[in-house]
Amino acid sequence: MGEWLQFFFKYLPVLLEGTLITLKLTAVGLGLGIAVGLPAAVARVYGGKWIGGIASAYIGLFRGTPALVQLFIIYFGLPDAGLTLSRMTAAYIALGLNSGAYQAEYFRGAIQAIGSGQMKAARAIGMTRLQAVRYIILPQALRLVIPAWSNKPISLLKTSAIAFLISVPDLMTEAKFVASKTYNPIASYFAVAVVYLVLAFIVNWLMGLLESKTAIPGLKLGSTRT
Amino acid sequence: MTNTILRIQNVSKIYGDTEVLKDISLEVNEGDTVVLIGPSGTGKSTLLRCINLLSSSDSGQIWLDDQEITAAGVNHDHVRQHIGMVFQDFLLFNHLTALDNVMVGPVKVLGMSKEEAHKKAMWELERVGLVDRAGHYPGQLSGGQKQRVAIARALAMDPRIMLFDEPTSALDPELIGEVLEVMEKLSREGMTMVVVTHEMGFAREVADRIVFMEKGVVVEEGPPEDLFYRPKFERTREFLWKITELYGKHDQDGEQDAASVED
Amino acid sequence: MALWDIFVYILTGVGITVAVTLVALPMGLVLGVLFSLVRIYGGKVFSCLAGVYSTVMRGLPPIVLLFILYFIIAGSINLSPFWAGSLSLGIISSAYQMEIFRGAVLSVGGGQEMAARALGMSRIQTIQNIILPQALRLAIPPWSNEAATVVKDSSLVYAIGVAEVLRRAQFVGARTFKPLMAFTIAAMIYFGLVFLVSHALAILERKTRIPAF
């Protein structure tokens, strides 16, 4: 145990650098995911045949295929089509698009839970559809979605580990580096596992805080692993 | 010479710091129907649960026939095989048809063959008048039918004694009759029964003995005529008065409404 | 190399992708059901241990466990990357399946258990005849989600060199200088597998539904 602790502290700085990248991937991915997922959800519910269909296709395709394949298409595949991205950018976009598809389903659930009555009432006082969504539907849906949505950040934190497979210098990449330096892969991956668990614990705690601050008593949507 | 089937001696039960049952003693003879009445929250249901060992009593003994079932080392599952229990909320097994609900005990617990259990189950469903519903799932039955299946399920184990825990409390008023009818028939056939109920009509007509409980103690017990018309204790009189007043008021209100409409 | 040849080359990897899934998913199922029962009925100590297992495994990226197991297994016993990968995905999935079954068992409710015990069934008989038949049905929809996740996560064994769909796509993409096409084909194959699994389980759910429940 002492040996392992020593190991842990010796490589702490390296691991911290990796941790920072992992957190960046998670944060940007999450933000992008909201930016894509929310409009996709609105489009799917209110968008009619064409726009709604496009949103459905996006959500279905990104939920129906592995995130890793999406990452490879974006990083290795897109240069084929003339679009070359840096590792970091590719990872951001892949994680954002992937997370966005999952988040869209949560948002959609919440929007539908608000019910069509609210939309009718908003239209009745002369709001346009867009205004109704912006001022009546979303403010309610966003509060309603938080308990179900709150497992997304952890989920994305874990998914972000795939970025290591295009050599983004995240936690996993640093672990590999440490492993090659120390010839002790088990200890280094174990150390990384501990870091992930600590991060998951912290994020979980933060989400609990967010949830309790914004909870609407008696209202909850279901949640599953993604 | 009557045969005592159930003997409860000085049973007490404590939840936290409230004593829900205080020193209860009670005997039930073979073929008797004993009705437990009393305000809600006085431990009647707890007593039933102690009898079939779903709850453990904190002191005192309970005998079923000649066996002390509260003794250490007694196999609870074996004891429960001989005690039928009917719950307020039916608790039919949701994934089984009426027939399978009745068969599952004999097959799984008694090790009866499927053919034999099928015959037995159909016979018990006949007893409660539901042969034509044998293939229905609980979700496809009315409340009254569910409770009758639950009675058949308990009967299929050939219990020494049947316990009924407010069997009609969860039913719509128009469905209560069919369940009480089945219970009355069982009582006439000589089944030994302990019934917790608020149905005073049933208590008066069917019970051999009525036990009035309040705040965890047996206040008074005796044949229905004595208890209903010559209660020894003020508390008994008050409870009976309240409960008949409640039902009486209800009827009067109905009449007044009818009258006011006519005006 | 023509499009068709690339497609066929990648498609040969489906066997391994399916094999990884067919190891991980049933393994997760058996362990998940077992652990969920331990979590609920196992008494304080075992229940707590099962809870810690669940929290840890659901807090780890699958790929981290994959590497740990890969190096432990490669270092001690001589097991192939295929098994290291399949086992770690199975372990991760068992934690999620445990939560699925725990939720299902709890929503079957204490009343059903009480009624079964009142009939004289033992605890084991009750779980076997009354609780599980209902809980397993309730678990199908979330389990379908989990099955799709395992199919998708099977792509992670790419990282330790197992020649499944993604690895073959990467290989043929690099060799033909058509990575976009190769990875798109891989995506389509995964999409098809996920679709099949979800569809099959939706049928299973319909077939096993309790009437009017």
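Think of it as A, B and C in the order they're written, each chain with its own count starting at 1.
In this text, a contact is a pair of C-beta atoms (placed from the backbone, for glycine too) under 8 Å apart; a residue touches a chain by one contact, two chains touch by 3 or more.
Fair warning: this is a prediction, and the values are worked out from it, not measured in the lab.
Shared contact partners of chain B and chain C are absent; no chain touches both. Distance from per-chain Cα centroids to the pooled protein Cα centroid is smallest for C.
By C-beta pair count, the most extensively touching chains are A-C. Centre-to-centre separation between chain B and chain C, using Cα means, comes to 47 Å. One finds 56 Å separating the Cα centroids of chain A and chain B. Centroids built from CA atoms put chain C at 21 Å from chain A.
If you check the complex, the residues on chain C that touch chain B are 111-112, 114-122, 125, 129-130, 133-134, 137, 210-213.
Within the complex, the chain B residues that touch chain C are 52, 54, 77-83, 85, 87, 89, 91-95, 104-105, 108-109, 137-140, 153-154, 157.
For chain C in complex with chain A, the residues that touch the partner chain are 56, 58-65, 67-68, 71-72, 75, 96, 142, 145-146, 148-149, 152-156, 158-159, 166, 169-170, 173, 178-184, 186-187, 190-191, 194-195.
Partner chain C is touched in their complex by these residues of chain A: 61, 64-70, 72-73, 76-81, 154, 157-162, 164-165, 172, 175, 179, 185-186, 189-190, 192-193, 196-197, 200-201, 224-226.
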